[in-house]
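Right after this note come the structures.
Same chain, two partners: chain A is paired with chain B first, then with chain C.
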Partner chain A sequence: MTHAIGVEAIGIGKHFGSFHALSDVSLKVRPGSVHGLLGENGAGKSTLVKCLLGYYQADAGSFVVDGREATIARPADADALGLGMVYQHFTLVPSMTVAENLVMSRRNVPGVINWRTEIDGLTQFMQRMPFKVPLNAVVGNLAAGERQKTEIIKQLYLERKFLVLDEPTSVLTPQEATEMLGLVRGLAHSGALTIVIITHKLKEVAAFVDDVTVLRRGRMAGTGAVKDLGPTDLTAMMIGEPHAPKDPERKGTPTSEARLAVTALRTADDGGRKGLSIDSLTVRAHEIVGIAGVSGNGQKELVEVLGGQRPYASGSVMVDNEPYFATREQSQAHDVRVLPEEPLRNGCVPPMTVVDNLNLRSFDTGAKKSWRWWLDRAGMAARGQSMIAAYGIRTPSPQAPIGVLSGGNVQRCVLARELDGDVRLLIVANPCFGLDVKAVAETRARIMAARNSGTAVLLISEDLDEILELADRIVVMHDSAVVHEMPAAGADPQEIGRHMLGHH
Partner chain B sequence: MNTLIAATDRWYPLRRSAEAVLAPLVALIGAAVLFSIFLLFLDASPLDFLDLVWRGAFGSSFSLQNTVQRAAPLLLTALCVAIPGQLGLVIIGGEAAVVLGGLAATVAALPLINTSPIVVWAAMAVAGSAMGAFWIGISGWLKAKLNVNETIASLVLAYVGLALFNHFVEGLLRDPASLNKPSTYGIGDDNMLGTVPWFDVHPGLPVGIVACVLCWVLIYRTSVGFACRVTGGNIRAAQLQGLPVTKLILLACAIGGGCAGLAGAIQVAAEYGRANASLNAGFGYTGILIAFLARFNPLAIIPMAILLGGLGAAGGLLQRRMGLPDATIQVLQGLIFVSILASDTLYGRFRWFQPGATT
Partner chain C sequence: MMDSVGTVLLAMLAGSLRVSTPFLFVSLGECLTEKSGRINLGNEGVLVLGAMVAYATSYETGSPWAGVLAAAVAGLLLGALHGGVCSLARVNDVAMGIAIMLAGTGIAFFFGKPYVQPSATLLPGIPVGFWSDNAQVRNALLVCPLFLLGIAAAVALHWCFNATRVGLRIRIVGDSQDAALALGLPIDRTRLLATAFGSALAGIGGAFLSLYYPGSWNEGLSSGQGLMAVALVVFSRWNPINCIYASLLFGAAGALGPSLQTVGITWGYYLFYAAPYIVTLVVLILTARGGRSLRGMPGQLSIGR
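And now, the complex of A and B:
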């Protein structure tokens, strides 16, 4: 087993053009410790880590690895020093087995691979590991938690002594997250590895991390041992204010009639993934129904069906007791709106202007929803301007392509567009993914406000905390089916987690 | 706040237009430089070449007429690429739409040759466009319904279309009197399109220009065009908005194919008087080049078609005066095409053109 090394970054600076991503940031990671790197999106966490791993060249400052000053100009240099990273999005090849993935990741793979000796070697290697993954399993069939473990095993197999984990629990259930972080801490404290965890979850920091460094807008906001810092200190360091924004207020109670009713819905299997099989799902006015589930258990497919991006084989989708096929006429008649996940990829036209994108719902309608042949360009510009003002969208010009906007501003555009006018049914998927704390609070407040004014909201989220905060009722999806339903008041995250994993 | 935002970068739309004009211009200059090097290897003078191209294409009223005559069908075949291109489709089978459109127009005209020319022309226009729309529509249908790659489908269907054309022109519809060059029966001299008054060009040019303007209005000023651009920019967003993506694809392919078919009909009615291998002169393929040069903007097609028409018109002069093989022009066209494709990487590279750069 290799031995953990300490890493120190001193006075790191990095700018892109006139934008200073990092200014005079220092980070000291003790060997054999778990170090939390905290900060909001855009705070510079990943820039710092990319400088350390040789993907970027720092403009100022230096790195000390294992007590010696190190020049890290290329990823290969970091590799040679034993520095590695597990990315938020997995980098294993899903169609290959664990063993194949491990051998393939090595730097000096022989031209002809003798699989018998490789497997023997891997089996011996695996026996020395504190946790095991089946070598012959195809990665695509592994659960997210298992895949994450495989990623870490891969880094150990590559004899890394220092490992950065980027938001490692974002795709895991509460149980998987606890187990994974426990294993990681065990590895670090046994002296095998030094770990840096990039995260924004304060609970995980309190439970599993030894020291933290907090970044805010490219600068050091604070550092220290977790046992000396309370959650208030950490929040204050992260967002510059002592308290996280308050939870939005809930007003009004759900009505009895279902505004969205999905019955016996089935879709065709897709590339080896099981098709949807939802027996019953209803959403009423004045209600947020939260769909919880581990990523990849049919949530994306459900949103696609409701948004008209995926056909269904049988069953029915009813809105206001009428069959609904997500055509433009129907969505306009029933005021159904969709906030897709990754809004730039799923809900915007990147090369078109901000104004055009703000008018995607209404460019073809005139007064009283009548069809119009000629574009009302002046009206579109005026409507776009008023949305830009009302939602505080920061754009260099209303005529700028929407693709140049930051993630938070793209999300604001989509919110402005989809919440414009009367909304009877709102379908929302992972609305806060990649947003900073303030944008998250703003987005959630708008969703809650829509609910309070009588909109029926279906909220699909991989963030269980978000569902617990917003939902009136929680539905759990596992293996492309609805497996459990419960009121949100008093729901137990552990129980939800068990259903997410398919255990009853 | 409202006015504040408007004031932040008022000139951005202008700078964006400037970028859209400058990038292809840089590409054309780049292609000219590369081609000059090529000429130097052939011991030919680039300056002589430029001079001859100018004289052969635009220098005299005769050469100018030749140029616009050649540009006329190219305007329409470029639309066959540009309109589907607005939806993100790359259709390269316009050649078949031209020849089949010309054939269909001839077939429609033959029973009517003894009625009035107006009737004949109307029948030819309708038949030619309908045939072209149908042929390119097949590629669109395959794409929309079965997700078959439209580029491959249209290319393969172009071979099928040319084979069908040859089959009919050399078989069933052949005029036995056409010995060396198999042709259909003629539509008769009385039914040939004359020239436009005051300008010595056939009506293909005004028709092509009007078609480009109409297509521009459709794409940039109507809801249907807006929906097309949304679909082309991001099909997932279009689906999420409930836009009828399948219908839009079929519509765009039909409009594009219709234009190319009309080009074939006009070539028959104005120049050949009958359908024969003259129709198969690469109009469809040059149209691809023009549409890419114009970045699928129907108005930009007009100058680009005239430029390419001019190069074609100058080809004969170059051959005679400089002793260069006819294919030299194709080398130049190829270099222009590659430069234009490469110039796509110029977009967004220069800070000054980007939104917010001057504030």
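And now, the complex of A and C:
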């Protein structure tokens, strides 16, 4: 194996037009260590690593790699120095096998590939690895955790000596995350690799990281060894204010009657993915039901069914004891709201304005849900403006197309729209995805407020902490089915994790 | 009775071997282009232009093989034009493909006028049925060398996509732009070349039309084979070997009407003539049932995104 190298960034500055993404940021990563790069969204973490990896050119400052000053003008330069990165959005080719992906990632791929020798070589290589992935599996069929491992294996295969992991645990179960971070830490401490982890999760930092550097609004907010810093110091560095209270106030107890009742729901298989098979799922008023599960275990399909985007083969979905097919009339009559995954794609019309998108639920109804022929432009604008103000949506103008907004602001827009007015049933998928720490606290408070005022909430989240914080009842999905159900009070994360993985 | 069934089947086999070749070449070309993540509806125009160029070149030089080569070059150039324009920002490949289709046919008709009358040297057939003393069998098994070339091209493409650097790179570019960027692959150049060489194959398909069967040049030579090839690629699941089967099936369906005529069934000629299109519809409906996404489709195709 190769040896780990140290990397130092000195006084890096980078601006895009008049916007200063980075000013005078320095980063020192010791060889063979795990270094955490922390900061809220937009703090400049990705800009910094993109400069280091040659995707951007820094305007000021310099890099020192393995003790020598390095000019990194192109990704190929970083590659030659042994610097690599695992992206949050995986860059494996989904239709190819693990073996094909590994071979094609090499710099010197032969013109004609002799698969027998390649597979032999890869099998031998895999035996030396701390963890294994099946060489002949098609990447598109692998679970997220396996893909992540494949990405790391690929970097080792490429003999990288310095690796940046961008939010590596965002798609993993707690067990997978612990296992993966343990492996990564082991690799670093064995001197094979130096690791930088970009993350939001303070718990992971405390457990697996040696040193941290915190960025805030493009500037250094602090740096140091984790053992000298407490979680409060880190949070303070990141947002400059203390964390939101962990146990929010709950008002009202769940009613006995189910507001949403899903029974014996089945959907067709889709491109090799198993269809949904949910025997029973209920949500009552004054209740948040949290669906925990590893990404890709049917949560997306469930939200699509409830939102009317996916037909189901058999079974029933009842809202207020009436069959529910998610037509516009029905969703308006029952006040059902959905915050889908990828809200820009599933819940917005990207070229339409922010105001129009904020009014998508209600533009065709007047007072008391009467049918409306002519749009009330002034009313729509006023409503839009008040949502923009209330949710702190940052948009160049209310008339800007929603597609130009950042992910976090699109999320806020859809959240504002879906929580507007009376909501009897709220279905939210990963509501805090891509939001910064402050916005996360606000969003969770809003969901809790909706519950307290009598809304039935179905919360689908890949963030177990979020479910533990908000839910009254927890349901675990695995392999497109509900495999476990428990009250949230006193729930053990390790047990939930085991069910998420299908062990019990 | 048995005899006439045998006659019909033999005629369909013969027809299949004959009619399938242009489908095979255009679908292989389209398959190559689509694997790189781009659609080329212009191959219908390339087919017609290839037919004209092949016929004219064969007439002028006396060598049908020079005609085949010229058709491939004409296809290559038209494909490169399509690929080049589509590389520009915000050009829609479907709309551009239709423009190329019309341009190709237009150019062919314009320059092809003088060649409608004269007769050029055609490609010779290979007597694969030499062992039989039945004239019908021998006639049916007179195979065009281009058909064999097409089979070889399909096998070569299949091998290329699975075991060569260039083939795997085409698949990466076609399946995941993110991965291609991360690997530093030249996306536009790959697509340009895949489109150009795909169109060259479609051009050879055109040469078959004018130099073998029907074996003449006129403006009604193609009946939409270039467009049907797009459907063929879909139900071949973007697999070159399946393109062979799909083309043969198509050819056989196309030969149904004429084959029935040989045994005296003349009613419904035009209905049987529509058989390939009915087969397309049925196969597409059967393979694309609700709720499923298309398996095997390159991820970057504009119709899939």
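Quick note on the criterion: the second predicted complex is superposed on the first by the 495 of 504 C-alpha atoms of A that agree within 3 Å, B and C clash if a C-alpha of one lies under 4 Å from a C-alpha of the other, contacts with A are read in each partner's own complex, and residues count from 1 in each chain.
Keep in mind that, in the parts below, a residue touches a chain if its C-beta (ideal position, glycine included) is under 8 Å from a C-beta of that chain, and two chains touch if they have at least 3 such contacts.
Bear in mind the structure is a predicted one, so any value in this text is a computation, not a measurement.
Peer 1: Who does A:Gly13 touch here: chain B (first), chain C (second), both, or neither?
Peer 2: A:Gly13: touches no partner chain.
Peer 1: Taking the superposition on A as described, I'd like to know which of chain B and chain C A:Met96 touches: first, second, both or neither.
Peer 2: After superposing on A, A:Met96 lies in contact with chain C but is clear of chain B.
Peer 1: Looking at the overlay, does A:Thr327 come into contact with chain B only (first), chain C only (second), both, or neither?
Peer 2: In the superposed model, A:Thr327 contacts chain B only, not chain C.
Peer 1: Between chain B (first) and chain C (second), which does A:Gln399 come into contact with in this model arrangement: first, second, both, or neither?
Peer 2: A:Gln399 contacts chain B only, not chain C.
Peer 1: For A:Gly222, select first, second, both or neither according to whether it touches chain B, chain C, the two together, or no partner.
Peer 2: neither
Peer 1: Is A:Asp364 contacted by the first partner chain B, the second partner chain C, both or neither?
Peer 2: first
Peer 1: Identify the partner contact of A:Pro75: answer first if only chain B is touched, second if only chain C is, both if each is, neither if none is.
Peer 2: It touches chain C, and chain B stays clear.
Peer 1: State whether chain B or chain C is in contact with more residues of chain A in the superposed arrangement.
Peer 2: Of the two chains, more chain A residues are contacted by B.
Peer 1: Name the contact category of A:Pro311: first (chain B only), second (chain C only), both, or neither.
Peer 2: The second partner, chain C, only.
Peer 1: Using the touch definition up top, name the residues of chain C that touch chain A in the complex.
Peer 2: The touching residues are 163-166, 168-169, 171-172, 175-176, 178-179, 181-184, 290-296, 298-299.
Peer 1: Write out the stretch or stretches of chain A touching chain C in their complex.
Peer 2: Touch list, chain A to chain C: 75-76, 87, 89-96, 100, 103-105, 109-115, 267-272, 310-311.
Peer 1: Please output the residues of chain B touching chain A within their complex, sorted ascending.
Peer 2: Going by the criterion above, the answer is residues 1-2, 5-6, 8-10, 12-13, 16, 221-227, 229-230, 233-234, 236-244, 351, 354-357, 359.
Peer 1: State the interface residues of chain A toward chain B in the complex, per the touch definition above.
Peer 2: Residue list for chain A touching chain B: 17, 307-309, 326-332, 338, 340, 345-352, 356, 360-361, 363-364, 371-375, 377, 385-386, 388-389, 392, 395-401, 404.
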